[in-house]
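Quick notes on the structure that follows.
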Amino acid sequence: MASNSFGQCFRITTWGESHGPAIGVVIDGCPAGIAITLDDIQQALDARAPGQHALTSPRKEPDRAHIYSGVFEGVTTGTPISIIIYNQDINSTHYTPIKEVLRPGHAQYTYLEKYGIYDYRGGGRASARETACRVAAGAVAKKVLAGTDIEVKAYLHEVGGIQLDAPDFEYLSTSHLGCAHQDFEAQLTTLLATCKQSGNSIGGVVAFQILGVPVGLGDPVYEKLEANLAKAMMSLPASKGFEIGEGFASAKWSGADYNDQFDVDNARIVLTSNHAGGTLAGISSGQPITGRVVFKPTSSIQAAQRSVSLLGEKTDFQLPPGSRHDPCVAIRAVPVVAAMCFLVLVDAFLLNKLARCHE
Amino acid sequence: MASNSFGQCFRITTWGESHGPAIGVVIDGCPAGIAITLDDIQQALDARAPGQHALTSPRKEPDRAHIYSGVFEGVTTGTPISIIIYNQDINSTHYTPIKEVLRPGHAQYTYLEKYGIYDYRGGGRASARETACRVAAGAVAKKVLAGTDIEVKAYLHEVGGIQLDAPDFEYLSTSHLGCAHQDFEAQLTTLLATCKQSGNSIGGVVAFQILGVPVGLGDPVYEKLEANLAKAMMSLPASKGFEIGEGFASAKWSGADYNDQFDVDNARIVLTSNHAGGTLAGISSGQPITGRVVFKPTSSIQAAQRSVSLLGEKTDFQLPPGSRHDPCVAIRAVPVVAAMCFLVLVDAFLLNKLARCHE
Amino acid sequence: MASNSFGQCFRITTWGESHGPAIGVVIDGCPAGIAITLDDIQQALDARAPGQHALTSPRKEPDRAHIYSGVFEGVTTGTPISIIIYNQDINSTHYTPIKEVLRPGHAQYTYLEKYGIYDYRGGGRASARETACRVAAGAVAKKVLAGTDIEVKAYLHEVGGIQLDAPDFEYLSTSHLGCAHQDFEAQLTTLLATCKQSGNSIGGVVAFQILGVPVGLGDPVYEKLEANLAKAMMSLPASKGFEIGEGFASAKWSGADYNDQFDVDNARIVLTSNHAGGTLAGISSGQPITGRVVFKPTSSIQAAQRSVSLLGEKTDFQLPPGSRHDPCVAIRAVPVVAAMCFLVLVDAFLLNKLARCHE
Amino acid sequence: MASNSFGQCFRITTWGESHGPAIGVVIDGCPAGIAITLDDIQQALDARAPGQHALTSPRKEPDRAHIYSGVFEGVTTGTPISIIIYNQDINSTHYTPIKEVLRPGHAQYTYLEKYGIYDYRGGGRASARETACRVAAGAVAKKVLAGTDIEVKAYLHEVGGIQLDAPDFEYLSTSHLGCAHQDFEAQLTTLLATCKQSGNSIGGVVAFQILGVPVGLGDPVYEKLEANLAKAMMSLPASKGFEIGEGFASAKWSGADYNDQFDVDNARIVLTSNHAGGTLAGISSGQPITGRVVFKPTSSIQAAQRSVSLLGEKTDFQLPPGSRHDPCVAIRAVPVVAAMCFLVLVDAFLLNKLARCHE
């Protein structure tokens, strides 16, 4: 069954395994007339790229995007946009010794049970590499929304118990680690160095704020904006939870304190607070849309772990020396969370054109 | 745009406003040959019904289901199953005085902005009443899964800071408040009585456990089991967050502690722990699927709140005396969360028949 | 699998068996702000109703539509529109004697093989009765298009070899038999009387013309306007072919004669002919969209036919005396073909709002 | 809006313009465990390739397929299959002189009106080149059905009034022109030579027979097998009509002659004739599925035609000398019609696994 697509109007379909010749995304439904360059996409990919910082995975692939269709003389034509990224670094020989043993926390076991076959060379479709396609598509979505005031900020909110208090978006724009504060980045760097040294990994939370959203995006009942944001985020590798506004803390609030009340400001209806996180009944309220996504610690660690061979015998699983390793997937997830925000928003934005008829 | 459907194979489409003549659901894609009676559906509806307990909303509607198609001589025929519930209690006169003022926390404002029109008689599609249709459809989904070992437990995990430690499913089966422990229910009852008396409301968290799930349900990449569970839950009125397994707590774990390792038990591959919450890379791992959904406090409270009239003037909003009132939506959400689990599971179960070909 | 829906933006889902308590349709995605009355729907249903003419089936059901949701104070609200028609004439006792024998030309055999169960009381979902729901939905679609110049003409083009040369739309508006010419209607009446008397039936072709279509409706590649019209028409009971423009006669033409050439008229680009039937590469060209749909002769005839019992024994099938009987399904298909035109057009019209972005 | 996909379970998405760097197809939903080689796909592409016969278009591109994902060690893995064909022959300089004038019968006009932009280098998405992707996907679909008895025969039925009486499938297997009889091929060759010489073109009809189809494929109501076949065929460039069984001739038949009656043969239920063309109420009846698709004459002809410049001035349109030219698109459509049969069949075959539950 088709399960590699996201979005109704602006629909992306991604393909490709981490160790095949290429990965790619087809965007179907992008409106015509959007100015877009390869650079727009490449910049987004570069921001996600591994290997740009000593503390993330050292895979050295350049991740060069190619636009193979749908853009003519710098403008979208309304036809499918096919973006391809050739895999450069697909020597998978260091995977062979471990192909016979299940990797704890990886897709191998469930894929094998489901499909009866598994590409043992790497994470396949379950690899975080698939998210490069989301980022490329997100860059296109961002261009579609360029005529609006919509802006997306994504940043680390927590890693291993260290939490960010108030985001500094100016700092964020310079950070290679998705940090929205210098002190937080310093603490994080120390923590990651420890992780890296011990071959261990750590979980984290990515926060997002979507600013400049007009009132009216999102569709009742099953296509609520927060429902699609939740699905988008929970489709990311390693994500374990999603919340909007006050999120799980809402359980501790009373309605009298929680309710966002209405007021008039400058002849426009506004809300006096934003505990709901920018939606009312699944439709954007004009307030910033705020939320968080949690990621489990990276499954690949240096320590030996208990496992089972494909023959069903107990054995240890041990990563071969020199394996690529990201101590904290949440860091690399930051630009992907932003991309998913754009993908959900662009779909809601286009769908909203259908809410009323002759306008 | 069509936004009132959920599910790909077992697709439900709900319709109806809280204050119209009826609400209903059409189930398209239910396999033929499933034994189902009106009683199966009625029992599920009764468990959700308001007015059965002094502490929930006193709306006295009986919520009688009618099956109008798709079932012949007690068995599904493969054609659409149409279930209709006539609205009994639709005197909306006590709504009229407030129709000119925006209700804080309600759909009115965003619907009006989006559609330019709003049925002022009640919550319309945004009303929790829509969830009766989900519960009816969930009862059918449960029957489809009757030949499997799949079982769903849903229960209150937290209300206003009071938390359940370990669920007692025996107690749960007798509780009218979705409580899985006697002490917890006692605490909750006290808390709700206070809420009710003060006309205030409180948030809560509903937990679920799906037991007996075979390995292999869920589809990569965008149709991960947890992505569809998240969308299902975040499409519920008032839900503000979803998490699976350790959820948001994952941010504090290291990989060495978090990873669920493989072992062999009784010649079958098992996992030594279940921090992931029953899925690996979006596909069920054979472990119980565990998660939680948080609901904000009920928006309807007795206290006056700041608001704005439809003419754009500041005014207070005050519920008329005698308005229906649920101090905690999380309580009534318990059977709805269970229904959504069944709806997601049945879809994944059917889709899984397509993963391999000649079997 | 869900197979009872049609349309992407303006999506209808129909339900109900011919001999159950009711049939109905849910329209999801109808824009808000469309003025619609029960009368609009009822008039369309009346035009389709059997029993209004001595030569069509004498079923006397009134086919009263009820709008149960989605319309408030005479205007659509953007929420699903549920329309229900209660079945009045569901005495199915005269079906019982034949329930054990396969009816030639009917759904029974293939439904039984597919689903393992069949509602023997009548045609079930395969009954032409389902088309009442299409007609009701088509009436709503027509109202959505009311602000455009789009008009649909459907009429009999051929019955049993008698063919209409040139349609007279003024006459059509008064004909109860979908005839666009007095002479044609006279010939047809004679033919049908013969059919009726002999208990035989006859095939026919329904033509349609869609006028006032703006340039640009329809989407490449798989959602071409003619592809969706073809699917719409071939989903009708008893339809056996669809053609657009010159249709099957195109095989005899040369390109030099066939090509519709461009010209300028009144400062607008026009086409000098319309052999293509109003589309170019799947997108409306501004010319009238013209086509035809063929319907096989009604399967129910009075003569005994060879058949097989459900026990697998050869036997004759004979309709019980007094069975309802339509000598020519094409006649009753006329308003249904028109309804399908509206349903395809409204979807293309709404989708076209997404072709360009900031307009 | 997404419009470049076909199929629900076995969903293909095609992309690429005729004059861009490549075209391709992503197959999402192909079951795991299907043996497939590049050769299977290449052979299908070769059968469609232009330039293999003096009477079809001399474009010399080799059309080499590359499989970039979804197949591992010769077997499908259940992940998306990405097939790419690089364009070799994309010198479009001979198109430049005509880019300012609308080409009669081509997509340019409607695309321009719809999207406000058009890739003037060639047919873009409307080019028959897109059908190479359908053929590649059809080859995969054929492999999925390899375990069944399903076989597809497609062949020319009529060209410019010359008609084939009875197909000779042995001859068909050797014909480069999709001819199922030697005499027919001889007549056709003469006709095409005349066309070619005069720079004119001619219409044609392609017939198909699908043999070995089990009872039960196809879904009521809107997903009838013939409805999906019709949509598939009417989505092909230049197709103008679709019919099944007796098709348009049905209008001349009486029910007594037309009805396919039931009989018992070798303890199995069979039909005594096949006027319906292999389906009953949209579901396969076990009989061969037979139908025809008509294609208009190729729009590109040598004669000057009236047209309009992009500036809105009347002008003549004249193909530049040496332009590629296919006198009859129906010939090259033969393998594409076969591919569409496989694509529709594989979807119905997979969907049918969901009709009953625990089997």
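Chains here go by letter, A, B, C and D, matching the order in which they are written, and residues are numbered from 1 within each.
The definition used in the following text is that a contact is a pair of C-beta atoms (placed from the backbone, for glycine too) under 8 Å apart; a residue touches a chain by one contact, two chains touch by 3 or more.
A quick note: this is a predicted structure, and the numbers were derived from the prediction, not measured.
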I want to confirm something about subunit B and subunit C. Since they are copies of the same sequence, is their interface symmetric in residue numbering (over half shared, so same) or not (under half, so different)? same
When A-C and A-B are ranked by contacting C-beta pairs, first comes A-B
Any idea how many Å lie between the Cα centroids of subunit B and subunit C? 39
Taking the mean of the C-alpha atoms as each chain's centre, how many Å separate subunit A from subunit C? 46
Would you kindly tell me how far, in whole Å, the mean C-alpha position of subunit B lies from that of subunit A? 26
Two or more other chains are touched by the subunit C residues 1, 3-5, 8-9, 14, 29, 32-33, 78-79, 111, 114-116, 125, 220, 354-356
Within their complex, state which residues of subunit C touch subunit A. 9, 29, 31-34, 78-79, 144, 147, 220, 350, 353-358
Can you list the subunit A residues touching subunit D in their complex? 1-5, 7-9, 11, 13-17, 20-24, 26, 28-29, 32-33, 66, 68-70, 72, 75, 77-82, 84, 111, 114-119, 124-125
Sites on subunit B touched by subunit A in the complex: 1, 3-6, 8-9, 14, 102, 104-107, 109-111, 113-116, 125-126, 130, 158-161, 195, 200-205, 215-216, 218-224, 226-235, 237, 239-248, 250-256, 258-264, 267, 269, 272, 275-277, 279-285, 292, 294-301, 303, 305-308, 312-314, 317, 330, 351-352, 354-356
